[in-house]
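Next up, some structures in structure tokens.
Next, two complexes with chain A in common: one pairs it with chain B, the other with chain C.
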Partner chain A sequence: MTQSTNTADQLLLKAEYLNKKFSISTGRGFKKLSYYAVRDLSLEIKKGEIFGLVGESGCGKSTLGSMLLGLQKPDSGSILFEGKDLTNLSSSKLKELRKDIQTVFQDPYDSLDPRFTIRQIMEEPLIIQGIGPAEKRTEIILSLLDRVDIPSDFLSRYPHQLSGGQRQRLCIARALTLSPRFLILDEAVSALDVSVQAQVINLLLDLKEQLELTYLFISHDLSIVKFMSDRIAVMYFGRIVELADKHELSRNIRHPYTKALFLAMPEPDPDIPVEVNHIEAGVPSLINPPGGCAFHPRCPYATDRCRKEAPELREISEGHLVACHLACEPIS
Partner chain B sequence: MAENKMLRIKDLRVVFPVGGKQIHAVNGVSVDLAPGEALGVIGESGCGKSVTFSSVLKLIQSPPAMISGDIELNGRSIMDLPEKEMQKIRGKEVSMIFQEPMRCLNPVEKIGVQIAESLRLHEGMTMKQALNRAVELLKMVEMPDAEQRIGCYPHQLSGGLRQRAMIAIALACSPKLLIADEPTTALDVTIQSQIIRLIQKLRKETGMGIVFISHDMGVVASLVDRIAVFYAGQIVEQGNTRDIFRNPLHPYTAGLIKCIPRLDTESRRLYTIRGSTPNLTTIPEGCCFAPRCPYATETCRTVKPEQTAFPGGRSCACHHAASLN
Partner chain C sequence: MKSILKNKQIVIGGVLILLIVLLVLLAPLITSGDYSSVDLPNKHLAPGPGHPFGTDYYGRDVWTRILYGGRISLSVAVCATLLAAVCGTLIGSVSAYFGGAVDFIIGRIMDVFMSFPMLLSSLIIGIILKASVRTMFLSIGIPCIPMFYRMTRSNTLSIRERGFTKAAVSMGSGPMRIVLRHILPNVLPHILVVFSSAMGGCILAESSLGFLGFGIPQPTPSWGLVVNEGKSFMFQCPWTAGFAGLFIALTVLGFNLLGDGIRDYLDPKIRNSYL
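On to the complex of A and B.
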């Protein structure tokens, strides 16, 4: 493992004022409409932590993930990974940096080339990064497959010959081939069956300890995010609306949206009824975003101020950030 | 019928021949449902839960599939019913809703017309009557602006509204049984909780029976009276929802409940069921769960456990059910 020098507060990644805008063609007079997928978003991820990111579909979680990976360039803002700004690196520098930042996606079926053998899948990143010779690559591959519990005689098999859980473990092993320090797990366990999901979650937690990794764990499933993460950010409409330590977040929810997400999670217990949710379902139109606080059309507590003025994300207690005008008192 | 069961499945077996091999997707399933009852069907992917209940509507094409056993709807066996008779049952007596509303709705037909289709077919309504009824149905499933929305195409609706439209189609002819196959799996949590509440409300209002198929124990917990746990094409345990959650008899059920992270889980490791779901091309000699079971003994590996009845209307297929408890 590469051990970097100690920097202030062990910050691994710092993103500031990220904006990402997408355009869609309406077909009417070739007019283009645009909307922000991520807007003025800032976050810091510390070394060795699991940073959880939750939100409904379309809130910009995956766009944020792909910007942090360097797959998409933000329209404005900066992403500092250990002091280097990802947004204005040349492609060769970015390739160098990809060794450090890797990803695992939701669907192992879609993210493995069906015509590659397991060896080819595992070897490709090593070849691209010029790591060799072949014997060394084989050694790396075998040790990683062993870590994720895939038998070494699977090397000449194809992805379709693996089960869903094995495929996702293979994706994790592939992400680890270049000894990254930061993994972005974008819904990495969402497509798995519960019994397999538990195995993969435990594997991820073990690997994090053994290899001193840092995770960004993106999911729509609050109970898994809460189980996995140290700190949790709740995203709504391209912005972070609440960010706190997971213990703080379970004791002291301040944003009505976070509250609603918690209430909507069905508990696996017949004696806990599904709570009557006090917010409207569905994210409002991204193209005509509501003015003021983006959450106000769904918020039961919205005031005139919420309709006019967008709240800033501010710290209400140590490490607990909320973007809500009414965040001063806890939600009843 | 003497015992008054709306649906009775007896020793259902479904085998798919695939590339010279035979996949035993459903392997001797027996389950029944009283009128107005809500049954939850739990199991991991490939355990045969969808195939079993698709068979109730004869949606599994046979041949190629080989189907044996018996399915009775209101005392009448449907196994030998011709397709024409089945069409009278589908939508009228039994309806089904599916996971992906976008793939199950016709993309080039307006929502209203799709709802009207079964009304015209089963109830002999005119298009105008059927469309009026469609508006009422959309209001019943809490679709905002129902009058305008009947003129929408599926792509103009959001995921939650599409699922509502599909439920409206399923409920159009007031079926006595609704089979919901993972109806909320593709939806966001906030929308999911609304759909669950909607199904609860409709059940109260219409008194229909519901089969709710899901892999998510949380979704099922608050919704159903009774649960059937599927594993490898068989039902390994059946019982009241509370009994199943509080006091599972089968090691697989217990494992399933233990390995879900809950909102208040504090430990840093999850319970896991070792191994993975079995290959269904061969029927194992003993218990299908034995290779993954922490309590498996020699008997488990050689003798197939029978469904045994337990107090409280429960049943479980495990040699050790009584002693583990």
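On to the complex of A and C.
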């Protein structure tokens, strides 16, 4: 999974200062409360890499994913896909660009229309994008179904006749019909059994090599992200708190939250002593975010500075970014 | 087409409706065609030769009155329900699609409608407009709109958030395609269920309005009117109200079977189970 040097610096996607605010009604009159799901978030994804994004539920991972996919518009900030800004393209240009960015959702039961046959499901993106004629579409569909190992006599079946793993493979095949270059995998294996998970992960890795794809792999499960990704970003409270190459990250953790996530990973070897996790369980309220560093109420190392001043994401060594005032030395 | 005939509900319901519609359409050929002339010496005759369903208080042939009455009852029921279904589905999907202020305003208007008993709204509309068959469609159809509105709105809202609609957007699909290909086909089964039950309600509503004097003006018969006229003599000569009631019941049954059958037929999970 190492990158060749000539493509390493080619950017595929660059997001800058993304903000997304949601409002919820209080149930009392017309008063509404708002909170930031994603706050001043910037990231760069290079061609051909698997960019892993981890964080606990509600930290804004999926919101970020759907903004990069163009399903939601950020309130501010820009998303450059190969230099074109997704946030202010005309609808016809955006439709053209959608071919390049496709997605696989978490729930394979929910993301396939129950009234469509497998053929209709696979054909839909091709019809929407005006790719034809019918024979060519059938050819594309059959070759993709073959790639994801779904027999071609399933074409006239309906999604409910497929197993969970087959459905998720179908979702992957559908995402590939438009020959995209960038796939957003939002918890794409989280709803599957462990054995099926392994199967789908291997399929994704094979497809990435064969079709020269770039992945954004979003998950709450650090062990899978660690296995899949080249670089990992850890998200907390709508911001990236640490971003590094996966080897660098497992050797040299600088943010206490990342440390906590790594400690929470189950260790298959019983001889390795279990380290105690110092992090308190409660996630602070999104509506009344804590001042200063959003992590300070749960951080065992918090100082006065952390309570007053929010840390910037800064580079502490080549390609390793951390948002913590105390990140000068590795956490023991 | 073959598989549609395997659905017993569709077949039975369809045959029932077809039979009733045929009888009603062929009324001039299979009846005397005289549904209004009074023949007092022959009042309250029991069913027998010449009068298959007997005669009523004025000596009119019940068979003739029921078949001619079906023209009014069926057309009012079908048109009123269609009116309500089309308007309700349209308003409901617009409301769900645009959300925000549009949804809020439409929702409150519908609340006002729903807070009245349906009969009262029918009467109000009936009073405002002049009595005619068209008024009948409106006064029965309009109060039914909220049923379809509520059902369409809530289902559209939930389907819009499903993964497959989001996937369609990410493939570049426009709103029209999503509504036509994903939302409507998934809302349709629910509309059908409401449709078949609303149909029965509309036939009954027409008879209640007739009873209150807001129906089709005399002497044109309708099923509701025949039932109401026969009601007073229910124990001396049950055939008047009985046969008219039977026709109402069979029609409602037919539409319910047809509606349920089509709903099952459209669902791939159920359809394939008996193929």
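Note that the second predicted complex is superposed on the first by the 316 of 332 C-alpha atoms of A that agree within 3 Å, B and C clash if a C-alpha of one lies under 4 Å from a C-alpha of the other, contacts with A are read in each partner's own complex, and residues count from 1 in each chain.
Definition applied: a contact is a pair of C-beta atoms (placed from the backbone, for glycine too) under 8 Å apart; a residue touches a chain by one contact, two chains touch by 3 or more.
Only a predicted model underlies this, so the values are computations on that prediction, with no experimental measurement involved.
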Superposition on chain A - do chain B and chain C clash or fit: fit
Superposition-derived comparison: chain B or chain C, residues of chain A touched: B
Which superposed partner A:Lys99 touches (first chain B, second chain C, both, neither): second
Touching partner for A:Ser57 - first (chain B), second (chain C), both, neither: first
Which superposed partner A:Leu178 touches (first chain B, second chain C, both, neither): second
Partner chain(s) touched by A:Lys226 [first = chain B, second = chain C, both, neither]: first
Contacts of A:Ser250 with chain B and chain C, given as first, second, both or neither: first
First, second, both or neither for A:Pro114, with chain B first and chain C second: second
Chain B versus chain C as contact partner of A:His160, first or second or both or neither: second
Smallest distance from any CA atom of chain C to any CA atom of chain B, in Å, after fitting: 8
Set intersection of chain A contacts, chain C complex versus chain B complex: none
Residues of chain A defined as touching chain C within the complex: 66, 69-71, 94-96, 98-99, 101-103, 105, 107, 110-117, 124-125, 128-129, 158, 160-161, 171, 174, 178
Contacting residues of chain A [partner chain B, same complex]: 56-57, 163-166, 193-199, 201-202, 205, 220-224, 226-227, 250, 260-277, 279, 281-282
For the chain B and chain A complex, residues of the former touching the latter: 44-45, 158-161, 188-194, 196-197, 215-219, 221-223, 241-242, 245, 255-257, 259-265, 268-274, 276-277
Interface residues, chain C side, partner chain A - complex: 162-164, 166-173, 177, 181-182, 185-186, 266-269, 272
